[in-house]
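Shared between the two complexes below is subunit A, which has subunit B as its partner in the first and subunit C in the second.
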Partner chain A sequence: MKIIAKERLPEVLQLLAKDYNVLVPAKFEGVTRFTPYSGDVELVLEENVLMPPKDIFFPQTEKMYKFKAKNKSLEIEELPVEKEEQLIFGIRSCDLKSLECLDQVFLTKGYVDHFYKDKRERTALIALSCVRPQEACFCHSMGVDPQNGVGADIQAYDLKEKIGFKAISEKGQEILEKISGLLAEEEVSIPSFGEFNLKADIEGVPEKLQGMFEHPIWADISRKCLNCGACTYVCPTCHCFDIDSEVRGEDGVKIRCWDSCMFGEYTQMAGGHNPRPTKKERVRNRFMHKLRYFPERYQMLLCTGCGRCVIKCPVNMDITAIIKKIKEAE
Partner chain B sequence: MAVTVEQVKEINPLVPIKAKVIKIVQETPDVKTFHITTMDDKKPFDPLPGQLGMLSLPAIGEAMFSVTNKGENHIEMAIKSVGKLTEALHEIEEGQEVGIRGPYGNGFPLDYFKGKDILFIGGGIGLAPVRSLIMECIRNRENYGKLSVVYGARSKADLCFKEDLFENWPKVPNMDVYVTIDREEEGWDGHVGFVPAYVEELAFNPQVTVLCGPPVMIKFTLPALQKMGFADQDIITTLEMRMKCGIGKCGRCNIGSCYVCLDGPVFTMEQLKKLPPEY
Partner chain C sequence: MKEITLQMQELARELLQKGEVNVVLGWEKGTFWYLSPPAFIDKPEDVERLVFDDYCHHNLSKYLMDYRYQDGKVAVFLKGCDSRAFNILLEDNQLEREKYVLIGIPCPGMKDQEKAKELGINGDIPLAKKCQDCKYPNPLVYDYFLGDKEAADEAAATREAKAIDYSDVEQIEKMTPDEKYDFWSSQYERCIRCYACRNVCPACNCRECIFDQSRTGWIGKANNTSENQFFALTRAMHVAGRCIECGECERACPMNIPIMLLNKKLIKDINQLFGEYDAGVKVDGVLPLGHFDKNDPEEFM
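Then we have the complex of A and B:
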């Protein structure tokens, strides 16, 4: 395998930054997230970042088009498309899996989301294997291998003192060639992965949920939920969005921004009717979506076991505990 | 040439095209029909009956409406004033430029209706989506059997599409129109009473029925239809949910694993019974 000493990783990133906008896991304004690489970023390689990489492809707020509205007239103008090639270094298996979910949403079923597709196509992915699970990780339970991601161009391996690189795609091969001058060939063994603290037995859950729409479990599960939406923002697969406009005088920009199924207004109709009027319906929809509706529509779970919602929920809602409750429900 | 469904999918589906409102018809005190055409006087898109379009005054908002009819060079949307955008739409005048994108959704299963006697049931603004199908049946009259329309509104003033109801449709061969209002009022010598009871009283024997109206109308009409012997696959309705993207991505219009903007808005009772009752 091609390897480099860990402390020399910035040299690799520096070199790649000549051709790409390189995004790396780093501490930025007190939060760990993917951040444009520069010499003084605070790299975070020991654990996954708090903010998922979805905002690289699906920004929290994104301009869609411009318009000018004056009296009866209207002009609509599309925005110029960015051309810059991007590269994410250090994306973990759980987050790679989330891109597979997002690809289903944004690129299939008859309509292609141009905003997403554009960014997805010009972003190369260097995955980084995990050495040990964090406190709330349970990716393995969701069918994710923490040491081998799906859909990466290069799989990098955390070898403790060193980092190893293995090209997966043709694009990955090209990227590896660019940095080959910095790498040495070495026989290595990939360190074994530790024991997961959290586990979930998902077997049969999507099927069982089909008959559980009216089950009393939802009133019970949703009781402590604050509908704050934190889980949906830190979730790498949650993708609901709102469309709104920013208007200044005659000029405006149409934007889309992350929305959350936890919010009452999300489904509130103009005439006043709301099909999901209380937190019971909203919490039910969130878990049904992840574990039942999404698998039914796209043949994959909408949870990758990254554990972010478990860590960030202010009232300690834990999706693995909910899966267990579903399993045990009569 | 109007933009076809395939072309719509190739262009950015979330960005509307500019269009203009060429005619506004005041249907009732709170319903207006807007006739919309492109800047070069073409249909903005060519919808199937029952399909939807996203109409916007970009500075104020964008919302999904059913296309109630299409002409040679325009489409029509009948819109009730209920919220921020629709109130603003009711303020605009002819010549107003708007954003529009579509068509969205599945539309009515036209092949299924071919050669059949059809009963259309509408309440209030619920006639808007059904009208697109009625107009299709009239345009291609020979493809369909007997057409019967039962339509009700709160009062005479609240009846939409009066010209169709009282002048145009009764003249169509083998087509009957039955109109009712909720309460007696001066100057009305037609039927008085609610739609579900009227449907039962008229005792139709058609093969397929399309109904759309307020939930309370649907709730009470369904037992009447079942009593009349309709099978679940022959009871067809349209649903509405809050929508933002219109293309099955933004998430909010789901009923179970199905998205109303993409897989609907037209559903048979058979399909609805398989979905969670969350609409």
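Then we have the complex of A and C:
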């Protein structure tokens, strides 16, 4: 395998930054996220970042187009498209899996979202293997291999003192060639992965949920939920959005923004009716979507076991505990 | 705390068995050892889930709003800050006192969850920042009191006399307007507007929040520093004079934004302008910003 000493990783990133907008896992003011690489970023390689990579492809707020409305005429102005090639270094297996989920939503079933597609196509992915599970990780239970991501251009391996690189795609091969001058060839063994602290037995859950829409479990588990959107916004797979316009006089811009099924306004209808009036219906929808509706439509779960919601929920709504309750429910 | 836990369980069992209440709100152990999230107990056989330990941060009073229109009574465990929250909800006419059975617990202060995670179960875990300045660790309103009332009162008396440390607020006050703007912009640039701070806050009890009315145009759906700061400032001003300093907003924030700095600044200003005032200590309708007093300062007029 092609390897480099871990402390020399910035040299690799520096070199790649000549050709790409390189995004790296970094910490700023107590929050970790993918950040454009520069010499002074505080790299975070020991654990996954708090903010998932979804906002790179599907930003929290995205301008779609401008318009001018005057009397009965309407002019639409397309916004300039970014052309810069991007590269994410250090994306983990769980987050790669989340891109597979987002691809289903934005690229399949007869509709292609060009905003998403454009960013996806000009972004190369260097995955980084995990050495040990974090406290809230349970990716393995969701069918993800933390040491071998699916869909990356290059798989990098955390070898403790060193980092190894293996090209997966053709694009990955090209990238590897660019940095080959910095790498040495070495026989290495991938460190074994530790035991997961959290586990979830998902077997049969999507099927069981088909008969549980009216089950009392939802009233029970939703009681402590605050109906904030923290879980949905730190989730790598949650992808609900709302389209709105910002209008000043004749000029306007259409924007699309993340939305959350935890919010009351999310299902508020014209006339005031709300089909999901309380947290019971909202919590039910969130877990039904992740564990039943999405698998029914796309044959994959909408949870990758990254554990972010388990860590960040202010009241410890734990999806693994909820899966257990669903399994045990009569 | 083990002793308190046993007393909690016993009293909860009794209240449920006698049918005096339909549900008991307390805390139980969560996914990790340093988490004790809210628990809702409605069967006597479930009372053993209840626990009182160093991580019962959650302010349970806010949840009582979910039971306003349900039949029967609700029992709730209250620490000092939770009892102030209960008083604020009474003051704001959100709750009826008779509907709730209040079980007070003297609070030794909760421990810092982030530090706990970092230092491990055998580490020397400090008190959470929000608990270091607490003046009212004992419940101010209750029907039952668990633990030794006398000892608790003695411990609380020293706390009440202690001056609040405003050095963090003063540090910001010393900044130039540009520096302040840069500081707060950089904090609220990362706000994701998940509204965890609002939803956890007992003073945020409006039937319909301004931030849930995006069609009105007060605030857009777009996430940007300007809208985020508008949200933060509006919320801070709206809870001013009613913030009971439970610090739950800052603990709930997934983005590590120092929200209590804003609240503390307003508390400091209120104390200077209207005299020393602690929200949620008394329910007498005399709120510094919600009550007209001819003697209020009016230098700006």
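Following the convention adopted for this analysis, the second predicted complex is superposed on the first by the 324 of 330 C-alpha atoms of A that agree within 3 Å, B and C clash if a C-alpha of one lies under 4 Å from a C-alpha of the other, contacts with A are read in each partner's own complex, and residues count from 1 in each chain.
Rule of thumb we're sticking to: a residue touches a chain if its C-beta (ideal position, glycine included) is under 8 Å from a C-beta of that chain, and two chains touch if they have at least 3 such contacts.
As the structure is a prediction and not an experimental result, all values here were calculated from the model.
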| request: Identify whether subunit B and subunit C fit side by side or clash on subunit A in the overlaid structures. | output: fit
| said: Let me test your reading of the model: by the given contact rule, A:261 touches which partner, first (subunit B), second (subunit C), both or neither? | reply: first
| note | Rounded to the nearest 10 degrees, the Cα-centre angle subunit B-subunit A-subunit C in the superposed arrangement comes to 90
| message | Quick check on the superposed pair: does A:135 touch subunit B, subunit C, both, or neither? Answer first, second, both or neither. | response | second
| request: Report for A:193: first if it touches subunit B alone, second if subunit C alone, otherwise both or neither. | output: neither
| Which superposed partner A:230 touches (first subunit B, second subunit C, both, neither) | second
| request: Report the partner of subunit A that touches more of its residues: subunit B or subunit C. | output: B
| message | Looking at A:242 after the superposition, I want to know if it touches subunit B, subunit C, both of them or none. Which is it: first, second, both, neither? | response | both
| field | Touching partner for A:213 - first (subunit B), second (subunit C), both, neither | value | first
| task | Would you give the minimum C-alpha distance from subunit B to subunit C, in Å, for the three-chain superposition? | result | 7
| task | Pick out the shared contact residues on subunit A: the ones touching subunit B in one complex and subunit C in the other. | result | 242, 259
| remark: subunit A contacts subunit C in the complex at 29-31, 50, 60-61, 135-136, 198, 220, 223-224, 226-230, 232-234, 242, 244, 246, 255, 257-260, 263-265, 310, 312, 314-316, 318, 320-321
| message | Taking the touch rule as given, give the residues of subunit A at its contact with subunit B in the complex, in rising order. | response | 64-65, 67, 69, 72-76, 78, 105-106, 109-115, 213, 239-243, 245, 247, 252, 254, 256, 259, 261, 266-271, 273, 275-276, 281, 285, 288-289, 292-294, 296-297
| task | Report the residues of subunit C in contact with subunit A in the complex, numbered from low to high. | result | 30-32, 35, 37-40, 58, 63, 66, 117, 186-187, 190, 192-196, 198-200, 212-214, 220-224, 248, 251-252, 254-256
| task | Please give the residue numbers of subunit B that touch subunit A in the complex, ascending. | result | 9, 12-18, 57-63, 82-86, 92-93, 95-99, 215, 240-242, 244-245, 247-252, 254-258, 262, 276, 278-279
